[in-house]
Amino acid sequence: MKIGFIGLGRMGTGMAKNLLAAGHTLFLYNRTREKAEALASPAARVVSSPAEAAREADAVFTMLADDHAVAEVTFADGLIEALPRNAIHLSSSTISTALSRRLAEEHGARGRTFVAAPVFGRPEAAAAKKLLVVLAGDPSAIERCRPLADAIGRQTFVAGFEPWQANALKLGGNFMIASMLEAFSEAFALMRRSNIAEQQFLDVMSELFGSPVYKNYGSTIVERRFDPAGFALKLGYKDVRLALEAAAETSTPMPFAGVLRDQLLNALAHGQQDLDWSSIALAAARNAGLSDAKQT
Amino acid sequence: MKIGFIGLGRMGTGMAKNLLAAGHTLFLYNRTREKAEALASPAARVVSSPAEAAREADAVFTMLADDHAVAEVTFADGLIEALPRNAIHLSSSTISTALSRRLAEEHGARGRTFVAAPVFGRPEAAAAKKLLVVLAGDPSAIERCRPLADAIGRQTFVAGFEPWQANALKLGGNFMIASMLEAFSEAFALMRRSNIAEQQFLDVMSELFGSPVYKNYGSTIVERRFDPAGFALKLGYKDVRLALEAAAETSTPMPFAGVLRDQLLNALAHGQQDLDWSSIALAAARNAGLSDAKQT
Amino acid sequence: MKIGFIGLGRMGTGMAKNLLAAGHTLFLYNRTREKAEALASPAARVVSSPAEAAREADAVFTMLADDHAVAEVTFADGLIEALPRNAIHLSSSTISTALSRRLAEEHGARGRTFVAAPVFGRPEAAAAKKLLVVLAGDPSAIERCRPLADAIGRQTFVAGFEPWQANALKLGGNFMIASMLEAFSEAFALMRRSNIAEQQFLDVMSELFGSPVYKNYGSTIVERRFDPAGFALKLGYKDVRLALEAAAETSTPMPFAGVLRDQLLNALAHGQQDLDWSSIALAAARNAGLSDAKQT
Amino acid sequence: MKIGFIGLGRMGTGMAKNLLAAGHTLFLYNRTREKAEALASPAARVVSSPAEAAREADAVFTMLADDHAVAEVTFADGLIEALPRNAIHLSSSTISTALSRRLAEEHGARGRTFVAAPVFGRPEAAAAKKLLVVLAGDPSAIERCRPLADAIGRQTFVAGFEPWQANALKLGGNFMIASMLEAFSEAFALMRRSNIAEQQFLDVMSELFGSPVYKNYGSTIVERRFDPAGFALKLGYKDVRLALEAAAETSTPMPFAGVLRDQLLNALAHGQQDLDWSSIALAAARNAGLSDAKQT
């Protein structure tokens, strides 16, 4: 297939490489052109605008930072007009359910198809084709997208017939990870106030949950490896905010999400926006009168 | 070693069997004598009181329901007086840090030794010698207890020099599991209000976390397998309450624990005390105006 | 002065009458024209559009339901273009700080002046000239507006030099009232579960706080006088949401506001959107397993 | 009547003086004898033990710091044995509902009568006979106590037939005040982050609520008049803890109380135990990255 790919950050680059490896032809666009050119090859042409990436494509991916960037590229930069009839826009960014609904409507009104295709996984997982891909949208469009999803991830899931459902599921998943981080944060604070080594607690939890996610994030906190960020706290805050918006739309009380919001605002008020989001742990530590320093 | 074992419920029975299998001699006591007799053998003598279980022992285990039962057995029923000098009382029950400190003081004042030895794992894990055992206490006593801990579990950890630290670690661990349950509960409510199948969300989370704990508890919730309880909600509430007490003693704010307390009280107010503690999920569902029924 | 007045609901009608009583000339606009005509007189001309209300005015008030209505009237319906240079737009609606900033910028860019003038008080207070008026904006503009504020309220306050500060203060004040409602709700639930009459508790609190706000809202809850609403729960939810947005903009954790959000979503999920916002009390009652019915 | 009075701190001294002024004869006991002697007169005899204060009394008041002190005086120091049959023990301390139930049972078992008589008001109110008194217990005993309650307060309320109900009502009332303090704290933080003067916000709130409690506590916070404490934060924490215990006994979720607990623990972790409990405001300020200093 001919595929436009817009947004070649660390996630997008890994995804685009795997689409190339699967034999597809790509039109690459990135605001900072150098990142696109790093991937250039006969099968991967670098183009100068989102519209150009879409014009001859069977499908176009967007993998961008937030709602604003996706709306800009789609509407202001003309992706939606340039996209051929019956071609598909796959949005892999973590965006709001509200924007997802708007994208579905606007595409539908113009005879284009919108499929939400958010992914779980860090940049390393994107590079290694180990993402989890969640699709939602019209069933026949889903079937057309499935080979693309399979090309970038280790497993593909379908959330429902309406694109925004995939975004809701993605936000729910990030909420699960954030909740694990806050639970760790509070427990670590309790351990420190009890003169128990954080590492000791982590060892037991790693064994108890048997989950690489617990082990990796837990050790990031214990080691205070917050800089450079794997996933910036300001983006984690954005995702919790979007989860709360999805909850508000559906009248779903989510008290844990409310706590997460406050702890992340505490972190932002203390200048942690560019640290890894696991540095939410510093909020619980400060609240307990503990220093931010690594335990020794 | 000669070992007294007091409390032969489902957990205690598994532990006692593994101590026997490791070649120790046991004095078994249980309030309901039948449960002790089920284990009787030449190497496992059933006795009639906690004091009798302790009298000739090098070490005595207690594996009982709560603070009240442990204090009763130790003080009122005379375990502490009957225990030989230099013998060790290992407490594997999930008890308060306050009671643990009191036990350490009272034993110390009489020349006996107290070691906290709480365990992580369900009854099946106890039977299969797969518990995680957390020890805390005097280092030389810990070394004497280590072979016993190794006999009942798959891994042994040391939390510190003071017995109550093992109890604090255990309470922190149960808080981690309870937090996972509540995170699931809120996310499932959001999914249901978004017309997304709970099972679909669970499939993604199982893959994302790669943890049997997520997979098992998640499917218990999705299937509403709350009765019979693997771990009764009233006991889960007790553990959260004890975690909050440990937090209060050390001036550690724990907002997630506060939310857990309220959701568990909500569950208790709706008659769920004897259901599995994963039925905390019904509170989040009700708060969102959803029925308690399984999604279809 | 010649004053445009847009939005003649129950609040706006009382305010407009008091401006008339103070000797000003009014141009009245309301989407449903009948409400404007009820005030018609030689000094109060009914006009057909927001632009017409603004065209000859020295100042124009907007007193509308929400951000959307204020933006619509100001931008889409042409108020901002019709308003004479140096004339003032006073916004008395409870709107977001974000919209307030946008209004200040857009007016400023066109040589008009924007002053935020939110008010505290129910419709009866508006009719009786007993509102509290909070102004914010350019100091010289504030001085020009002060006689108008004094004409509609019993006391006028100045929050700062930037209009959005008055909106932030207003949102903070509504948060204070909502917090009182939730505190009452939880305490009433505790009383009911303790077989203590809600009325008895209210009598003590009325005497303790010596505040008509406590007495009035408390008795609304005790009597379950939620319908018709004095202030609809869906509007109360909107205000808490705006307070949370103002908190997010300034990185201010507000855990009480987070609880309010969840309890109001609980209420919305149970169909209470058109009941009085004091019916938030039903959420706390339900969470404690109590019926919504009045205590007898 | 002949009245024993045990506990002559600032509250007790005011209450005892008003009982004397009403013509009663008193037996005064205080651990630090000097405080009792300051009140000595022919009608007010200083005695050497709680038992002595009770021996010839028709009624005996206890006005002590906490559960521990009340239990000590009643049981260990022999008040309960010394009290004549049919005499009444009035407990005005803020104690747990659990201790209140125990006192009722133990007195009942010995043919004595227990009435809970907690009071609302600061020491100045006690001196000025302006307390609010809440009675609960057997109706005929209540009637015998009513003249005593009327002698020390400006209004007397009856909470129910069981003494602990008065304690539950008192704890609910203190929870209402604490909730007001936290609401103020969060709103002040929002104001400061919005460059709005705390005093300005307070002026509007004082006018809005029309309550001396809001005005007084609000200005204590704005002026940072936390030392010396009117009511120490550690005591405020104790009362919130007791409210949570009463909530737990009755399965009543109270999310605001949970937030209060965490903010007070935050304050305790930062060394504020002896400051006024309105210094809870420093927790919200710190969480928002603000200094503890007075705004200038």
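By letter and in written order, the chains are A, B, C and D; residue numbering begins at 1 in each of them.
The working rule: a contact is a pair of C-beta atoms (placed from the backbone, for glycine too) under 8 Å apart; a residue touches a chain by one contact, two chains touch by 3 or more.
Note that the coordinates shown come from a computational prediction; the quantities given were computed from them, not determined experimentally.
Trainee: Between A-D and B-D, name the chain pair that shares the greater number of C-beta pairs in contact.
Mentor: When the contacts at A-D and B-D are counted, B-D has more.
Trainee: Sort the other chains by how far their Cα centres are from that of chain A and give me the top one.
Mentor: Farthest chain from chain A, going by C-alpha centroids: D.
Trainee: Quick one: chain A and chain B, Cα centre-to-centre, how many Å?
Mentor: Roughly 37 Å, centre to centre.
Trainee: Can you work out the whole-Å distance between the CA centroids of chain B and chain D?
Mentor: 38
Trainee: Determine the centre-to-centre distance between chain A and chain D, using the mean Cα coordinates as centres, and give it in whole Å.
Mentor: 52
Trainee: Two or more other chains in contact with one residue: find those residues in chain C.
Mentor: 247, 251-255, 259, 262-263, 265-266, 269, 287-289
Trainee: Could you please specify the touching residues of chain A with respect to chain D in the complex?
Mentor: 255, 262, 265-266, 269-271, 283, 286-289
Trainee: Can you list the chain B residues touching chain D in their complex?
Mentor: Going by the criterion above, the answer is residues 241, 244, 247-248, 251-255, 258-259, 261-263, 265-266, 268-269.
Trainee: In their complex, what parts of chain B are in touch with chain A?
Mentor: Its residues touching chain A are 97, 120, 132, 134, 155, 157-160, 164-165, 168-169, 171-173, 175-177, 179-180, 182-184, 186-187, 189-191, 193-196, 200-201, 203-205, 207-214, 243, 246-247, 250-257, 259, 262-263, 284, 287-289.
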